[in-house]
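One chain, chain A, appears in both complexes that follow, with chain B as partner in the first and chain C in the second.
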Partner chain A sequence: MKKEILARLVVLVLVSGMGLSALVFRIGDNSGIVEVHAAMPEKGGWLTDSIEAQVGEPLVLSLVSDDVVHSFALGQSDFEPVDVLPGVPTEITLTFDEPGPYTFYCTRWCGADHWRMRGTITVTGDEPFSKDLPDPPLYLQLGIDIDDPHENHDLVLDEQPSALRGSVLGLTTPSEFLTQAYYRSHSPHQVWDELRKVPSTSELSESQIWDVVAWVWAQNTNSTKLAEGEALYQRDCAACHGVDGDGEGIFGAEEISGDGTPHEAGFDGHTIEAPTSFQDAGQMLTASPALLQGKIIRGGMGTGMPSWGLIYTEEQTWNLVDYLWTFQFQKSQE
Partner chain B sequence: MLKYNLLQHTWIKTLTTNRWPLLIARAVALGGFVFAILAGIIGTPVGNHNFAIVAVWIAWWAALMLVIVPFLGRSWCAVCPIPMPGEWLQNGAVLGPIQDKNKRKKFRRFPKIFRNIWLQNVAFTLLALFSAVILTRPSVTAWVLLGMILIAAGLSLVYERRAFCRHLCPVGGFIGLYSQLAPVELRVIDTQVCKAHTEKSCYQGSENGFGCPWNIYPGGMISGKSVNTNCGLCMECLRTCDYDNIALNLRAFGADIQPQNKIKLDEAYKAFIMLGSALVYSAVMLGPWGSLKNAAYQVGTLPWFGYAVALLAFTWVLLPVSFYLITQIANRLNPTSQSPRQNFEAYASALLPLGLAAWVAFSFSFVFANISYLWPVLSDPFGWGWNLFQTAGVAWTPIFSSQVPALQVLVLIGGLIWSGNTTQKIAIDRNASRQTWPVMAFIFAVTLLLIWLFVA
Partner chain C sequence: MPSRSLYFRDLRILAAGAQSVSGILLAALVMAFAPFPEPFVEPTERTIGVMASSFEFSPAEISVNPGDLVTIELTSADVVHGLYIDGYDMQISADPGQTQTLTFTADKSGTFRLRCSVTCGDLHPFMIGKLHVGSNTLLWRGFGLATLSVFTLLVWMPATFRKRNQDTPDVEI
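Right, the complex of A and B next:
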């Protein structure tokens, strides 16, 4: 009987030893590292999606994906996104200088609902959050209702306007057309209308005036801004709006049936709408940069277009807006 | 036929008859099993970084199909953790008997209708239907393992001996059948001693041990006449035999596959299920057909039902019926007095070598490709970022990639030759050598199909 008791003890130790050790090790782990799991939004998204941190104190996150490759990016910061690999924890350390809410999000096209993969890091410190409202974005300052229909489907151009052609027409464009304030608050079509009224354009054909409009647009950006706008577009927008801006991105197509009817999105009775084609002149030439800024900042409110206001800095938003016009206007040579 | 009794060596005899080595091996295996269940449930859901998937379906499967079954037969069953808790509860002891054999609790016999491997055939097929999910999702693997251990324990509390292993275990069925090919066996030394021994302690048990847990009469295990199928190599009969009359023999490969050792219909069906599922798995997991792969993974959807029906039809109907017709043609070519069913059962045993070769070849393809996942998982079994043995960062590196197709072809050709040779022996034994050709044609066609799936 003594041998049997000894045998039972041996069995107990060998059977439960490994599992119990692992659990004890796990429970006793108080390193303070916050474990963040990533999964496709349909399977839960970020878990946890709400993290708290203190100003000036390092926040160590252990990021691991439970399915496909995701990426962790932090909105309105210079933090370089890191890949979140399946089953392989990746540790990152963040230190915040200012209190406030920070949005983290996925930049990998992990699934049709990829854009819903967001979470918040709430950073507190000795000083409370500033209750002063920031300056409202331009579209609000201008009182633009971004849900008002603005498109003109009759607007069809024979050829794509070219800033280069516009620049060689020798037209002396009145200086008010070239200010940033004017550019951002007017649609290309409004500018075309205004230019048409200028006596010096009376000899120009309609398409030549569109070339001048393209030239005006080119004066308000540069290659650096366009490069950053393109990078943001290809990372965050192309999944739905298409790499070429034609509105036929891989996820946009997934949400829209062959006859163009949107599928039920299955949340709050909203429906997904077909992503805008930036190649559609009727849509784009009737929209001002401020209107596009509003759509990017606020999002489509249930249409499937996410809000980017908490993610992009103001500069990033304008760079992205600048890039969107490249789907309408041939790029000028630098 | 040449045999070599390993028990001539004292250390081997001590190792096999002493209860401690086996008990420790079983406890370690059960510990690993519990650990795998734990990892499956609370570890990362990413299969290739979870101990449950990598240890069970890559490391254990590789060991089982490439080493244990071909060379050591049913010896896995001796340490398999699944029946252990139930057996310990049934015996009231983990080491050896602590009660007089007459005072031990009596359990029911397993229902007669199920005293075969039909339930094992069904259980394996059920696992096969869900295998794409079981093999890749740690939590599913964990629940399947836990379910098996609970079912085995439940059966042990009602039915005598290892009812689960003999009649329900989805793995035990094919291990038993293919163990006929292995070069090891437990057999009696002198049958006269067993005949004269009225106590039959090897079956009934004694103060030295329990009656055969596998519910076979070890005294009837005679070289050349008996087969390995139902012997779990637990060595209990070595401890209960009062006359030291059991040998652990090394023997020739496939010594059990003799014309006189016919397999039964349930075992014949097992041979088809194994061969058929090897073909289907190869198509699903190695083939270029994305829609087939998707159908296998999308359990519960319409495409999956289509896949399930196709798998069932192929393994349970198409293959056996084709083979039945082949054996009928063979009998027309060279008539004998055997019934159609006898023909079918007799020639089905010739499929065992090819079936094992198919599974070995199939295992090559994913074991060599995925075995490198083992090192990171040993250091970080739950996918929690541990690095216990400093191997967590070892990158996935397929090995022998360029050699695998050649190896697979070699193994399949070996299986073809072995199965062909067995077919010939069976035909000659019944004085109907012309029966060889249709059966050979079937075996050749299946081999070609396998080679095409693996290599083309």
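Right, the complex of A and C next:
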């Protein structure tokens, strides 16, 4: 009889011990690690897409993909994007110095809706979020309506303006044309009109004035800025706008749904328009850098163009705008 | 002295057997290692665009001549895809909008499997293709060796052993 009680006890300890040990080890393992799953946006995107953290306290994320290769990047920061691979958890540690909302996003193309794959990390601290808003972007300060059609399809140039040819003309361009503020707030076409009125250009042909415009544009950028702009363009823009800026990227309007029929409505019911061609002089030469910056920051509002305002720093946006002009003006040999 | 004559006869049969065994071995070695008779084509440079989409390569079969300098431009149409070439042990991966290139000299002839090397969805394991360099030597060599072994098993061995059994009278010891 005693033996039977002993045997019952052993079985009881074994059974309850198995359950208890599973609980104990699970609690011991998962201290403070937030598990984030990445999936194609049609299948849910980031799970979870809203994370909370404290100022100064390390936030440990364990990232794993449920389908294809994704990547985790943090908007407006120096954080180097990490790949999120299927079946391979990647652990990263983030520490925030300032309270506020931070946007994280995917940088590896994971389908036609790749750019929708974003999430927010809300960082709270002792101080509340800063109430002073940053300066509004230039297009708002200038009051530019970025949806206003600005195309001038009569504007067709015989050849691409060249900054190099413009520089050898030996023209003493009035200094007001060379300030950054002037460059950012005027379209090439406006600058051309203004230059035409300057007495020193009266001898020049129309295409030579375009060369001077290209030279003015070249004065406002440099190879480092262009290189960063190009890297961003290849990573985030080329899939729709095309590697050559011709608007015929692999996700162009016809190909966007994959089965041959144009993508009439996304899953939120909006339409997708054909991407702009940056090789189109009528489009590009009538747009000012401020207008292009506005389009990048805000996005296309129902055209399929994402908004990048929460992703790029102001510097990155300007570098990208600088790069877009290389589809219009001949690249100067350095 | 029956045992003595038996001994000599056995030696003769063994020698004849050894001759044809070495003949078969020689044939097998030639099939496995001899240079493959192939028309020589002057090697050139080739650039081949490969479009990867879920879950296929287009074109899925690439044919080049031995010695060609091959550049593969991999473009992806939906998600990140990769391209791995068996035998050459090389791989690249491309995001949509970011064409990647892989350049190599096709110095091994035969047919090699192309695979997608980046997990790209449910049917990823079936995203495959082929690279043909010259003729499929491995296939033809294998075919030759298989034929030879079938011949050895079904024709040569029964004939040899029947002859040996006929030549050797039953001897009571």
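Descriptive notes on the structure:
Basically, the second predicted complex is superposed on the first by the 290 of 334 C-alpha atoms of A that agree within 3 Å, B and C clash if a C-alpha of one lies under 4 Å from a C-alpha of the other, contacts with A are read in each partner's own complex, and residues count from 1 in each chain.
The criterion applied here is as follows: a residue touches a chain if its C-beta (ideal position, glycine included) is under 8 Å from a C-beta of that chain, and two chains touch if they have at least 3 such contacts.
If you're wondering where the values come from, they're calculated on a predicted model, not measured in any experiment.
When the two complexes are overlaid on their common chain A, residue A:86 makes contact with chain B and with chain C alike.
Judged by the touch definition given at the top, the superposed model places A:204 against neither chain B nor chain C. Once the two complexes are laid over each other on the shared chain, residue contacts for A:19 go to chain B alone; chain C is not touched. In the superposition on chain A, contact of A:66 is made with chain B only, not with chain C. In the superposed model, A:112 makes contact with chain C only, not with chain B. Look at A:249: by the touch rule set out above, it reaches chain C but stays clear of chain B.
When the shared chain is aligned, no partner comes close enough to touch A:195: not chain B, not chain C.
Within the superposed three-chain model, A:239 lies in touch with chain C and out of touch with chain B [touch as defined at top]. When the shared chain is aligned, chain B comes close enough to touch A:1, but chain C does not. Residue overlap on chain A between the chain B contacts of one complex and the chain C contacts of the other covers 65, 67, 86-87.
For chain C in complex with chain A, the residues that touch the partner chain are 53, 75-80, 93, 95-99, 118-121.
By the touch criterion given at the top, residues 40, 65, 67-69, 85-87, 108-112, 234-235, 237-240, 242-243, 249-251, 255, 258 of chain A touch chain C in their complex. On chain B, the positions that touch chain A within their shared complex are 19-20, 23-24, 27-28, 30-32, 34-35, 38, 44-46, 48-50, 88, 93-96, 98, 376, 381-385.
Of all residues in chain A, only 1, 3-4, 7-8, 10-11, 14-19, 22-23, 26, 35, 62, 64-67, 86-89, 91 touch chain B in the complex they form.
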